[in-house]
Amino acid sequence: MVLLFSPFFLGVITRVKAFFGGRVGPSVFQPYFDLAKLFQKKCVYSHTTTWIFRAAPIVVFASVLAVSLMIPFGAFKAPVRFSGDIFLVAYLFGLARFFMIVAALDTGSSFEGMGASREAFFSCLSELTIFMNFVTLVLVAHQISLSGMIGAEIPLSWKLMGPTLLLVVSSFFIVILAENCRIPVDDPSTHLELTMIHEVMILDHSGVDLAYMLYGAAAKLFLFGGILVPILLPIHTGHGLMDTLIFVVGMLGIAIFIGLVESGMARLRLNRVTNLLLIAFALAFFGFIVRLWRG
Amino acid sequence: MEKIIQFPWHVPFGEFTLKLDPLSLIFLTAIIILTLCAGIYGVGYMRSYQGARSLKAHAFFFLLLAVAIGLVVTANNVILFLCAWELMSIATYFLIVFHDEKPSVRRAGFLYLIATHCGTFCLFLMFFLMARTAGSMDFTVMAHTTFSPALAGIIFFLAIIGSGVKAGFLPMHIWLPHAHPAAPSHVSAFLSGVTIKIGIYGICRVLWIMGIFPNWCGYVLLTIGIVSGVMGVLYALGQHEIKRLLAYHSIENIGIIALGLGVGLLGRSYHQPFIAALGFAGALLHVINHAIFKGLLFLGAGAVIQKMHTGEIDKLGGVAKIMPLTSTLFLVGALSICGLPLFNGFISEFMIYFGLFQGVLALPLQGVVFFVLGILSLALIGALALACFTKVYGIVFLGNPRSSIETKGTEEVSAWMMAPMFLLAGLCIWIGLMPAVMARLTFMGGNFLAHMEPSAFYLGKILNPLSIINGTAFVLLALIIMLVFVRRWLLGKEPMPTSETWSCGFTQLSSKLQYTSSSFARPIVQYFRNTLLFRRYGGEVSGEFPQKAQMSSHVHDASEDYLFRPVFTRLRNLSKRIDEKSIRYTQIYLIYIFVFLIFLLVWKMRG
Amino acid sequence: MTTWIDTSCILVVFLALSILATYRITGMIHIFVVQSFVLSFVPFFLHADALTGRDVMLVLATLVLKAIVAPYILFWAIRHMSMRSEVKPFIGFGTSIICGTFLIAGAFWVASSLKLPGKLISDLVIPCSLSTVLLGFMIIVTRTKAITQVLGYLVMENGIFLFALSLFDAMPTLIEMGILLDIFVAVFIMAIVVNHINEEFEHAPASLRRTKMGETL
Amino acid sequence: MLSVLILIPFVCGLVVFLPMERRLRVRILCAVSLVHAMIVASFWKVNPPSEINGFLMLDAIGLIVLSIVSFLFLSVSVYMVGYFHHEQRRTRTFVACLLLLLSTMTLVSVSRHMGLLWVAIEATTLFSAPLISFHRNPESLEATWKYLLVCSVGIALALLGTFFLAIAAHDVHTLLLPVLLSGAKMLSVNWLKLSVIFLLVGYGCKMGLAPMHSWKPEAYGQAPGMIAALMSGALTQCSFLALIRVSQICAKTGLSEFYASILIVTGALSLVAPAIFILGEGNIKRAFAYSSVEHMGILVLGLGLGPVGIFGAFFHMINNAVAKVAAFLAAGSLAQKYGSSRATEVKGVIHLYPVTGVLLIAGFLAGTGMFPFATFHSELMILNAAVLSGHYLLALVYLGGILVMFIGVLRIVLEMALGKPTQPVLPAKENFLMNAAIAVAMIISLGLGLWMPDILTKVLNDAVALVRI
């Protein structure tokens, strides 16, 4: 499911951006073509690098896929559900990040080191926000598993905890932008700018490795969307196909919205990014307070 | 489960009673593992000093330390406990000052002894207060005594200071970042892995004995955990020396352990046995885990320092090519300490998180607020630790060498030093992938500390998620293997072309242009500059053809530079001034006598 | 006989006070000799009706030690060190005397609250001996030179001796001899020390002399 | 037997004044202390009969003090054989005074009469004074002078106190201790109180309790190491014995509370005062002297804190003596070799003279009450006594004082023991006898810290029983 749909998600965003940019833009399936092309190519390695550099894409991709096991998609229940899986989700992303950063440093380039440094910094703040949101959701749903949190109880919660959920959703959206290097934080479409984060770290990857990396990034974006959609569209028809359809519509909606945001906003200056993330945290914290107030 | 051994021993109030209960068992596990590993490693590490200085004393004190620590965790009598505690402090001191020709080492040892002595004195007072109420010096008897809340508060306070100095809670930690780098690496590993845990053991033992504490104690412990954890890792980020950095990470991990204990204590205060057991068990498991991975990291750092002759992170680089095995083992340690899945650090952090979230659901409002703070700080600690260890690993082991190091291909340290590292790395992965054994053991310890009967229901409640995590971990491994095969299938067998680092065509890189540890950590350190007292010195460049400029940056440890040191200096100066004055006239001496006599007469003969 | 004892007591205190007011060391020693002389005859007055051999012995011993040997050693020390015979006080002579009178008043006040069990020889003995002790102490404290401190100490011992006389019947002879002996040796050794200090002083570097030794000598 | 024990060193002390070879004198000293020690050792088996109308008698407290004195003299005399191997000085007065000191200190520990006790203590002052000025330089003479002056004043006050005691005991007609104790009801309380104050201040001067301690750093700093060892280990204990005797009397007359409060105040002062000075100190012998003041404070505190404290104080007497002897002897060896005991001039001892260095550190650890040494137990007991009797503030002061002292001494000892070695003035090898003397003391301290023999416990308990009400 994730493997199948995530590049599409990316494609939609690009298409929306192009549309608002006044261009036709590439096909929504363009990411698939890119990946297929990359899978056929050979890799080039720097003298400086070690096995870490080769291992990183694999670990990154694998851990993102492992996370996908814990997230429900519409009617498809998450295969792995247990009380406390939210930590595993967060820390699997951490594992991916660790290898990404280390691989970037492996090249010995100051360029990639810079990206790595920024990634490490911003992730601290987004991690805080994510956990803050988790806490609020746990308090709302009284369950400590991801499936439980964003699962059945949400429709009820919207009535009681509407404001809280709204705040959580908005804060989580900012985190999605930051974690997946979308525009106000980072610019995914360019390499040569001194202000970018994610793209600069994978500069030296090529061929299959780059494909893994890109695929991993796309999947990660998809997964975050997958967490957000059930909260936004808590509609359970009971019919499997309908549910899935609703989910897909929701995902498309998010993709379009991300595209809108990317088109409408300029990239922020680097030192403003922290403020953005802090705003996200503040929103999350506000949500928590509202929850306590209502509780 | 409990076993008591008694020997005859003739000292005032002393009894040689050893008791093995779950708590001691857990700590003994960590001790035995690290004693073995550090000892074996030491054989290899010390070989380079053979002949130059006497190693007998070093070996003696190492063994003495191991025995003393073993006694500390099994002692069932106050006097025996204190004796072993003192013995441990002294032995540690002599291990630290192995390189006594260096002033920094002497200073570190000095600081250590003072700090540990302060702590020990608090323990003296604490135990005697307890003994006074209980009427006995026996821990078991004390455990059956009820203490008044006020006394319990005082005892808690003394325990936090007394054991906290040893453990390295902020702001009593100042000795720690000096002592750990000063000692030989296997000693650092032992210190960081075991000795500071004995501080935690002291607190645990008191928690067990006291049974009931006022509610605020739990909050204090939780807060201490949060502060130590976050500040520890922030300070670590600002360090330039690898062992000093690791030392600050010990503070961070002690903070996590204290956080767990705080969760347990609060659970106990609010009669939530599951939360209590989870918090305690998580803390105890983290004790073992930290011993293992921090031991591994220190041993790895020692190997690097021995081969590269420096521990300055900014001078190292590309070590992975020279010492591939060591670097891999260090990576295992780094991943574990960041608490990432597949490795042991995750399991204990998971338990603490789990306890925290359970607490959020079950506790009254103030408890929720504090637990949420705990969750947030744990998340922040995790993210910062990750930043820090990517920095260490990336800068030290990867990239190009930053200073000219003459090497002849790969050059690993001797087997004596490699074997313990392999063992520790193996343990990291074993606990990470198959946590059930250790989880059971520490949960038993948690039950013991929470004063509750072992219950299969609760045990299942924690073992169940762990087994799923276990399964997920194997799925992850399977995925990785699958991806490796996919990659191999796609790429074929022929060797890949290699070239210079591309970096968007930004070639002609000198190794000096690489990102250094300081620059890597700078955004974070800069962001927290007011908390950390981060200062830059020099570095202004001006003019069209700038002159040579120098820049250095440093993170000041506030409690050391602005709290303890000025106080000590003031006192010393005062002492010197008074001394010079009184030395001049003998008559003044006589006046003292006279005044004292008059004082006694007036005081006592008035009636 | 009580009149004689009273007179002696008053005299002893008065002499101690006048030592405090003396400008020259030799003068101080002379006064001390007189004081010791007065003191040594007190046992006579105590048992004037029935003199025993013990009394005579005591009087003789006191006379020899306190009034002859001790002053002799002091003079000898002064001559040997060829020091100038000026007393260097910390506080002025006038102030010293006023303080001295206050001390005497204090001693009488303290003594008023102490009731001696058994028979009293004279009610002046205890306050006077206390006053002498205090005055001796004051001499030690307020005068700078080593030799004046020895002298102050001797005055103090005189005070204590006066007190001891009040216990004449309660204490065994052995102790009194011990006291005398000790005083003797004390003076003796002190003199030797003073002497040595002087000898070494000649060779000591100037800086040391000023900063450290200057005040004590 | 007791009078013989006093007379042997006395006669030998006089004999030594005859002209003879330098070495021979030291050997006589050795022989006398050996004989003395053997006789004292036999007292542990058989208690000697009382002599001279009960003036001389050995009880448990006396036995403890006597054993300390005897042991200290033995180790110091053995040490001295090695010391005079290098030193070219006249030994006549020195050895003679030592022997006479031994004699008078023996007298102190066996005398059962408060007057005789005073005489003996006065005599120890006189014989110890020339020992301090052994080096004959201006500093040492100045130190001797200060010592004499302060102690003489103290002795004078103690004499006054003894007189007051005699007045209080007017109806008993004697100062013999057993009689005083049995007739305690007949003592006049007011005079006794006055006497107690004067005796405490007087003997306190000699013992070096806080406001009266100022001679200590001077004297110990200038005296040769062995003399400082003797003084801090044995001489001070003799004065403490006098305070214990006073405590016995107080216990019988219902003045324990009164006495205990004075003792506690004095003890607390003795813990605080040296702590003020120690941090600025740079001379190791002076630092040990401050530490000695502190230990006197601990002893006095223990005496004032009830049975546990008294037991601790008696135990601490032994431990402190043994620890101090090691510390001062080690410092003395260094002072002889380097011609200085300042931390700025002596460094890296452990590399140049490993055995002495180790012994110095061991002596320091024992002196500051670290575990493997017995001082740890006795200090802990006294702390326990403070807590048990509810003196929490005192316990804090106690710990604070010990802590600051620990820091102060630690700084100096470490600077001397570790680091890059400086060259000594007298580049001689380590002397076996000197080190052996220190090592034996250290082993005893270590042994007592690990295991207390039953006989010692028994004697200590007997001693406590003598002081308890």
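When the chains are written out, they are named A, B, C and D in that same order, and each has its own residue count from 1.
By definition in this document, a residue touches a chain if its C-beta (ideal position, glycine included) is under 8 Å from a C-beta of that chain, and two chains touch if they have at least 3 such contacts.
From a predicted model like this one, the values you see are computed outputs, not experimental measurements.
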Centroid-based (C-alpha) most distant chain relative to subunit A: C
Central chain (by mean CA position): B
Chain pair, most C-beta pairs within the contact cut-off: A-B
CA centroid of subunit C to CA centroid of subunit D, Å: 31
For subunit B paired with subunit C, centre-to-centre distance based on mean C-alpha positions, whole Å: 68
Cα-centroid distance, subunit A relative to subunit C, in whole angstrom: 98
Separation of subunit B from subunit D, taking each centre as the mean of its C-alpha atoms, in whole Å: 44
Two or more partner chains touched - positions in subunit B: 586, 590, 601, 605
Touching two or more other chains - residue numbers and ranges from subunit D: 145, 149, 153, 194
Overlap residues in subunit C, where contacts from two or more other chains coincide: 137, 140, 149, 216
Touching chain combinations (by label order): A-B, B-C, B-D, C-D
Residue numbers on subunit C that touch subunit B, as the complex places them: 90, 110, 113, 137, 140-142, 144, 149, 215-216
Sites on subunit D touched by subunit B in the complex: 145-146, 149-150, 153-154, 157, 193-194, 197-198, 200-201, 205, 211-212, 214-215, 258, 262, 276-281, 311-312, 315, 348, 350, 354, 365, 370-372, 376-378, 380-381, 383-384, 387-388, 395-396, 399, 402-403, 406-407, 410-411, 414-415, 418-420, 449-454, 457
Subunit D to subunit C touching residues, read off their complex: 115-116, 118-119, 122-123, 126, 129-130, 133, 136-139, 141-142, 144-145, 148-149, 152-153, 155-156, 159-160, 163, 166-171, 173, 175, 188, 190-191, 194
In the complex, subunit B residues that touch subunit C: 584-587, 590-591, 594, 601, 605
Residues of subunit C touching subunit D in the complex: 114-118, 133, 137, 140, 146, 149, 153, 156-157, 160, 163-164, 167, 170-172, 174-175, 178-179, 182, 185-186, 189-190, 193-194, 196-197, 200-201, 204, 208, 212-213, 216
